[in-house]
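What follows is chain A paired twice: with chain B in the first complex and chain C in the second.
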Partner chain A sequence: MTDTTLHRSLPDRLDNPLKSAVLSWESLLVLVAVAIFILNSFASPYFLNAWSLSDLTFNFTEKALIALAMALLIISGEIDLSVAAIIALASTMMGLALQYGADTPTLVAVGIGVGILCGAFNGFLVTGLKLPSIVVTIGTMSLFRGIAFIILGDQSFKGYPPSFSWFGQGYVWWVISFELVLFLVCALIYWVLLHRTVFGRRIFAIGNNDVAAQFSGVRVDRIKFILFCLTGLMSGIAAVLLTARLGSTRPSIAEGFELEAITMVVLGGVSILGGAGSILGVVLAALIVGLVTFGLGLLNVPGIVMTIFTGSLLIVVIALPILFRMWRQRA
Partner chain B sequence: MTDPILTLSGISKSFPGVRALHDVSLELYAGEVTALIGENGAGKSTLVKTLTGIYQPDAGEIRVGGQLVTLPTAHSASALGITAIHQETVLFDEMTVAENIYLGHAPRNRFGMIDWRKMRAEAQETLDSMAAGIDAGIQLKELGIAKKHLVAVARALSIDAQVVIMDEPTAALSQKEIEELYVLIELLKQDGKAILFISHKFDEIYRIADRFTVFRDGEQVGKGFIKDTSQSQIVQLMVGRAVDHIFPERVAVIGQAVLEAKGLSHPTEFEDISFSVRKGEILGFYGLVGAGRSEVMQAVFGLTQTSAGTLTLDGQVIAPKSPADAVDAGIVYVPEERGKQGVITGEPIFKNVSLPSLGKTSKSGFLRMAEEFALARTYTERLDLRASSLSQDVSTLSGGNQQKVVIAKWLATLPKVIILDEPTKGIDIGSKAAVHGFMAELVAQGLSVIMVSSELPEILGMSDRIVVMREGRVIDTLDNKGLRPETLVRLAAGIAEEQAA
Partner chain C sequence: MKLLKILAATTAVAVLLAAPAYAQTRIALVVKSLGNGFFDAANKGAQEAAAELGDVEVIYTGPTAATAEAQIEVINSLIAQQVDAIAISANDPDALVPALQKAMERGIKVISWDSGVAPEGRQLHLNPSETALIGETIIKLAADYLPEGGDVAILSASSTATNQNAWIEAAKAALPEKFANINLVAVVYGDDDSVKSTDEAKGLIASYPDLKAIIAPTTVGVVAAAQVVTDQNLIGKVNVTGLALPSEFKQFVDNGASQAVALWNPIDLGYAAVMLANDLVEGGEAAPGATLSMGRMGELTLDDTNSGAMAAPFTFDKSNIEEFSKIY
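Up next, the complex of A and B:
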């Protein structure tokens, strides 16, 4: 027998990691962000100013905080459309607690607690009752905000203490706001969680094939439940920041936040079908959305036009990969 | 003798790594039922798909009424009068019965629009001629599976089909419904249709078929008239193959019982299942498709919950509530549906292999890539995986190599019991031998292997003992010593001994 079984060692990878980093979606986002930054500085004389740029960050940090958790949820193949409604309910409950004389730590605890409970409720409906998340969260979107409307009617809660307002209006150092610092810290935590831990690896596995993941001993339902709770937690944190920044609670608070958060996630390169994405992409996308809306604001473009912009952007970024694939198949 | 309506000759069809059909021929005659018989994987469904225009043969010719034809699409097949009734009937629940019968060839009025009234009337007429007792105006979803079959037959009649293929039509029917189907088949015969009847059940074949054709490993190995042939002759044709695959020598020393099941029951799938697998033993599970073997294994693996019975592992009673529990206990499962349940396509090899072992390769929840690559390399190389790198997407691997990834994934968890469900289904001969060789190696190292297989040579070539299941029950547990394949087929199909002698 001259048959020799060639035992060659399998290499870890063949493609150059540096080369794939350069050609990645994230590097494209960096280019886009730089281009919009330059455009903005030409378009408005007020843009290139430390305080303007500081204001810019308030424009996106609350939504971006939600986008971090939403990214994990979408990678796992689920979605939460109720995040803005969670903010409304959490903010309303904080206002209610304020009426009973709650101090700042209690207010924060109420906001975050309500957020987690709402997320857990979504998670239970999806994983416990096996309902599709898109339907569940459309339902809870109306439910949560409906409760806020019942409690508040056409009233509003005001008179939050200054120590509470600091969360939404305060600065850590010079022009660096508390909101921005909190976002950067959270972004780092989520980056580690998604890309450097066992938990993150399992999220990707679930998003790519939840059946095979379950067959591989991954506790799929438990992880999805945790992700809904995390999204609720981030919505609760966003509720604290937004309420503190606005200084009041109305039932219509944070309307449309879910669309902008999802736009950031999808623009950041997270596959809407699940299984792929990165936190770096989401952070860059959040910056781009913030730059564009702030730029348009400086040019006195009305809010309704910005909504049109966000909607169009969402459709374009979802369509782009599909168009790209069609184009490549023809070529 | 009349000429056949449909003739296939020299048909071959291959898929990457699999030779599904090789130089097969088949003739179907007007007014006669031809039974197509063969084990799972013999090529029956590939043949049906070739006949209905879903697959294109690599070689060979198809003649309808003597004319050479090609069937590039499903529509071209039905235009030539070939129609199929499947196990799971392909009809539309939300449409009316009449629409289902006339979909694609509805009668039209002079404006070229569908003539609804005429369609409804003609559909009703066809149904009444079959004594179906179905109102053509109701939605299909209101009918049970048996009535849906009747609608499919009415459709076959309405398109004036010459050839009707019935792919295990009785699989989901009750005995009474099966009797009704026989009456219909007689009706189709009198109408001059040629019928291809695919079934695992010998009593049905002997009841309804005139002729038979036997397939084995993608080749036609025999044909003839049912009335001149005994069941045992057909069984012989199905299983009596040349030794084309040598199974590995086994030197395993069989020890104590490792996993024991006592009286496992499930509300719908199986009842009172007891078995035990010992250290260093390969326990084979044989039975027909639908006998409940996979369902038992999935319950042992924690995917479904049992309603009664106990499971004992190394003397400890266990009750896995999820696959994660089973894996923790040391039981792992290589599923039959490799692409859907086995590998995670879209992820690289090393992530597939490390997924259940992340607890071992990580440190306080943080990934350690070097450990992961090392683990993946160790186990994929033991299985002689053919890939360019460990970062290659598993979807780009052949079926056999994907199976090696799934097995590597489980070996890395250092299990006590490994359950393999149809481990070599649809993979090439080379990978088959590798998987078999590896199974022998595993038991030699003291693992216990449970192998569910519908392939007789594999069951007989690999198992120490064989559990035969039929209709959700254990029929017998046999020592694999001088066991004849005919015995297994008889037990699995429920054919009495004296009949087949």
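Up next, the complex of A and C:
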């Protein structure tokens, strides 16, 4: 046996790492983000301002927090459409706790706790009863928001204490909001979890072939259950932030957030069929969605045109690499 | 480095572009959602006010979905644009308060009109009319054509809509004294969505066979209900009434599905909102008891919650809907 065979390093990927980094989805997203940033700066004189850029982050942080956990769930081959309804229920429960004189730490605990419970309920239905997640979460989407409507009707809860409002309106330093800091910290945690732990590798394995993963000793159901709980947890956190930012709870809170969070995940390069994706891509996608909506908002572009724009962006960004690959194969 | 240079150049251009924009007063007319005939008419009035004032630019904006969250995004972008005043018709009286307080902290005058914001989130509120009077009017519109009395139902907008809820409360309050033989059997919510409003109207007709009138105090719901009555050949049996835009509703007064509807003039409302916002920008004080100028609409006197009423609702029937349908 010679040294050469021992020390020869096996490549963990087959293509050139530099080339693959340049041609990666994330590089494309960085390019798009920079392009939109520059376009925005030219289009509106009000864009390049510390406070404007700070206000911009509030447009996406709550949805992006959910998108982080949603990315893991979608990579594992499942989906959760009930996240916005979890926000509504968690927010309603916080409002209910407030009526019984709960203080700020209790309110936060209630919001996050309800989020985790809702996630666990979804997880149980999917892994315990073997129901398809899309069906389960369409059901719980109506169930959770329905409970919120039963409790609140056409009323609202308000009067949250200022120390609670800080979570949604406060600044850690100068223009850096608590919401943004929390999002960045969570993004880092999720990046480590997905890309640097065994747990993360198992998520990819499940998403690519859950039967093979099962036979390789991966406890597929347990991991999926944990992922549903994580999505519930992030929805609970988003509920705390959004409730604090709005200073009130109504059962119609966060309507439509689930589709925006999923848009961020898909735009971030996560395969909707599972098995592939990265946290960096999701973070960049969240930033792009925020930049586009805020930039168009500064130009007072009507909302309907804005949705056409985000829709087209989604299709273009997803179609571009495929078209590029087809063009290269032909050449 | 190249990126930094590009950014620096961009900043320089941006600053140059910014300079001339501060010359005139910019007032943002923020509506619940775009694509609604009522708010487009309000914008007409707002533009009329801007033309009359001369140095005022009106920015007509609003979200696509009628949610508080979407409206906050609009408010954030207006704060960034450093507009002089925001005149808003709110999707939620409470949820917009923190965002509008931030606007006021940054020196922007904030008024609400049509659908109000809680007092701490605005400097004054312009009611299109008195809540009590509207509540009474919507019942009266049905009662006038029901001399024998009977069952009526209300088809409202969303269950969280501030103004509709206030009118319904006022209507319920007026019922026992003034309309003793009118029996309000249900209040349902169509969310200002044509499809949902249609379903709710069909549901009402199916659930209450003796229903004599559907009262829809929303321009979307009233059209949906009248269409259902027309389609199900119930003209003459169920009278649809409420608050409607003459141009959208004319066909149903013509075909008899409705005897009469009412509305204030949204053109006047948009006009008055811009006049009031301009008065505040020019130094007017919003305080209980104060009077502010509404231009050709006269003066607005504020009550102890800093709100005031513009005018009484206006009834449209066969005799005048033709004329008004050409206006809005």
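Rule of thumb we're sticking to: the second predicted complex is superposed on the first by the 287 of 331 C-alpha atoms of A that agree within 3 Å, B and C clash if a C-alpha of one lies under 4 Å from a C-alpha of the other, contacts with A are read in each partner's own complex, and residues count from 1 in each chain.
Operating definition for what follows: a residue touches a chain if its C-beta (ideal position, glycine included) is under 8 Å from a C-beta of that chain, and two chains touch if they have at least 3 such contacts.
Worth saying up front: this structure is predicted, and the values here are computed from it rather than measured.
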Dominant toucher of chain A (residue count), chain B or chain C: C
Which superposed partner A:Thr106 touches (first chain B, second chain C, both, neither): neither
Touched partner set for A:Leu246, first chain B, second chain C, both or neither: second
Which of chain B and chain C A:Ile304 touches, first, second, both or neither: second
A:Thr293 touches, of chain B and chain C: first, second, both or neither? second
First (chain B), second (chain C), both or neither touched by A:Ser156: second
Touching partner for A:Ser24 - first (chain B), second (chain C), both, neither: neither
Chain B and chain C footprints on chain A, overlapping residues: none
Interfacial residue positions of chain A with respect to chain B in the complex: 5, 7, 9-15, 196-202, 204-205, 208-209, 211-219, 275-276
Touch list for chain B against partner chain A, complex: 303, 322-324, 326-328, 333, 335, 340-347, 350-351, 355-356, 358-359, 362, 365-367, 373, 377, 380-381, 384-385, 387-392, 409, 413
Chain C contact footprint on chain A (complex, rising order): 34, 38, 41-42, 44-49, 51-52, 55-56, 58-59, 149, 153-154, 156, 158, 165, 168-169, 242, 245-248, 250-257, 293-294, 297-298, 300, 302-304, 306-307
Chain A-facing residues of chain C, complex: 3, 6-7, 10-11, 13-15, 17-18, 21, 33-35, 59-65, 67-70, 72-74, 76-77, 79-82, 92, 94-95, 97-98, 102, 106, 158-160, 165
